[in-house]
Amino acid sequence: MSIHSTAIISEHATIGKNVSIGAFTIIHDNVVIHDDTIVEPYCELGVSNHLSEGKALVIGSNSHIRSRSTFYEGSTFGPRLITGHSVTVREKTEAGENFQLGTLSDIQGHCKIGNFVRTHSNVHIGQHSEVGDYVWIFPYVVLTNDPHPPSNVMKGVKIGNFAVLATMSVILPGANISEGVFVGAHSCIGGVTEKDMLYSGSPAKQIGLASKIKLKDGSRKPAYPWRNHFNRGYPQDIIEQWNKEQSENV
Amino acid sequence: MSIHSTAIISEHATIGKNVSIGAFTIIHDNVVIHDDTIVEPYCELGVSNHLSEGKALVIGSNSHIRSRSTFYEGSTFGPRLITGHSVTVREKTEAGENFQLGTLSDIQGHCKIGNFVRTHSNVHIGQHSEVGDYVWIFPYVVLTNDPHPPSNVMKGVKIGNFAVLATMSVILPGANISEGVFVGAHSCIGGVTEKDMLYSGSPAKQIGLASKIKLKDGSRKPAYPWRNHFNRGYPQDIIEQWNKEQSENV
Amino acid sequence: MSIHSTAIISEHATIGKNVSIGAFTIIHDNVVIHDDTIVEPYCELGVSNHLSEGKALVIGSNSHIRSRSTFYEGSTFGPRLITGHSVTVREKTEAGENFQLGTLSDIQGHCKIGNFVRTHSNVHIGQHSEVGDYVWIFPYVVLTNDPHPPSNVMKGVKIGNFAVLATMSVILPGANISEGVFVGAHSCIGGVTEKDMLYSGSPAKQIGLASKIKLKDGSRKPAYPWRNHFNRGYPQDIIEQWNKEQSENV
């Protein structure tokens, strides 16, 4: 365990084995950090808030929280959480394993996030969002929730497994992005979508099968489903399963 | 008064009664913080700058400035300012009472903001913006000011009372958004607008009366003016006035 | 030299003459800061990373790094770097002289930036971007790089000298923005462009010569090339060269 002398750690926090905590970081009372986790400088973990209803902030093992990140109490993350810098995560965020959250991303809380979800920088996840497994969200994408803001009606979005939301897209309140859908850059999309299709534009239209997009690596193979050609950072057992699926589908 | 031992507070700053200042926060010389205010950790208040012309930063009473926020000297906020995390506010920002500024928002200074204005996360308010009362600004909205950047011509935008700017809209230089206007998500809008109308698209077009949008709460009542159904967080006297107006208009 | 007592400076870092380092700032081992530079509070310089391959972070002389900024090791900046607050700069960023990087901007590294480039707030520069000289990039612009994300194909964008990218535009992977091009606000642009032209919309179309845009200062002179009417902050020898070019072109 390596805790910098300038860090401020509550004696009520539960810190696992082999946890490293950087300079000027603050860990409040209601925090559980599992083993082998790195918390970089200037982080504040476990900000208290009545909306957390007393629930702890739980950070899974083997996580890496980069500098200047703020987490409220009342959220739970599986093992291998990796954040960029300056993320903000409010209460009642439930995320699975291997969640990667990009620099400056802002999770408003009260939402569910599956396993192996990766967001790039500056992604905004509104309250009541439900994000599946293996989802990719690119910079400046906003998941909204209020169909006629401001109001008391909350219609969080649903994002299916393997979906990809490209740069600077707005996902409108109540949108249901199906499994394997690709939303093009700078789109504005709402409503219901069909599996494995490409949507693009503002307002977004269905363009065709995402698999019509070809890889620009000379192979001219379909670029989607992306797991047929991209597996960097996923565990070996998952990669093998994807390879098996692909060979069966050919 | 509760000032954390690691905070660095200038002896020239004026700190009111019952003010709480968090760890690692810096308060510079030219700052006035009124009573009953909370300043969270890692804030820096009163950054000096020649453009401030020696004017102080004034934070009204009962305010709450969340962590990692940066305020320059030379701006004034009425009572009950509430910020999210990591806001940046430059000099010569004049805001009324009950201003709420979302996480990561960036006010460029030299602008006026009315009473009861609320911005969500990551809102950018350019110099020379004039924002009325009871305005709502949603995530990733940018208020611009230069009609042909870069240039020395500054045409700040005007936002009328009760206007709503939805997610990821660009308000073009010199735009005049009238009272009660609703700008849809992912729009790009300039020029003059008509009161209480809905504008949407890029470039934005006038779609019709904002009141044509119906509440998705089963009531099918008009969603706008929003104050006819939404009043969370506003003081009782204002809510009563809104109720009275509404009953007179029916 | 003025180093705040709370700053944490590695004895292996190389700090020039007359360098000022603010409170709670961290300077790691592999950092070279040249003379007459200001580093504000809460900065972290020289974050180590295996992708930096042991290269130092080099900050040119007469620079000013504003608070809460994060720089990895392995990047080089010429003299007179000026940043806003809370910028993040990853490894292998090579920038020329007089680079200005706005508040909350996020450089993903592995990119080249010319001389006298200015970005406004919240600009995202993806890996493998190549930005020329005298380029302006306005708020919430994203330079992308992956033509079918996620994938292993990287096609960084190229931005020519004197180009202007207006607010909230997406520059698609592999886009080649030619010298003097103006991309309008809220555009989405890819492919090849022609010199000195205006592009606007999503998807962006060629509208005509950028010089058709007239200055809104009463003169009705062309607003582009911008260097014919705007030279604030550029050195005298460059301004004289621009004036000479202009008089020869008339």
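Just a few scattered comments:
Note that the chains are named A, B and C in the order they appear, and that numbering of residues resets to 1 at the start of each chain.
Please note the rule applied: contacts are C-beta pairs under 8 Å (C-beta built on N, C-alpha and C of every residue); 3 or more make two chains touch, one makes a residue touch a chain.
Bear in mind the structure is a predicted one, so any value in this text is a computation, not a measurement.
Think of each touching pair as a link: the shortest run of links from chain A to chain C has 1 of them.
Chain B is reached from chain A by a rotation of 120°, derived from superposing Cα atoms (nearest 5).
Taking the mean of the C-alpha atoms as each chain's centre, chain B and chain C sit 28 Å apart. Listed for chain C are residues 6, 24, 42, 68, 86, 104, 122, 140, 168, 202, each touching two or more other chains. Touching chain B in their complex are the following residues of chain A: 6, 8, 24, 26, 42, 44, 47, 68, 70, 86, 88, 104, 106, 108, 122, 124, 140, 142, 144, 147-153, 155, 168, 170, 172, 188, 202.
Residues of chain A touching chain C in their complex: 6, 23-24, 41-42, 67-68, 84-86, 103-104, 118, 121-122, 136, 138-140, 164, 166-168, 185-186, 201-202, 213, 215-217, 223-224, 226, 229-230, 232.
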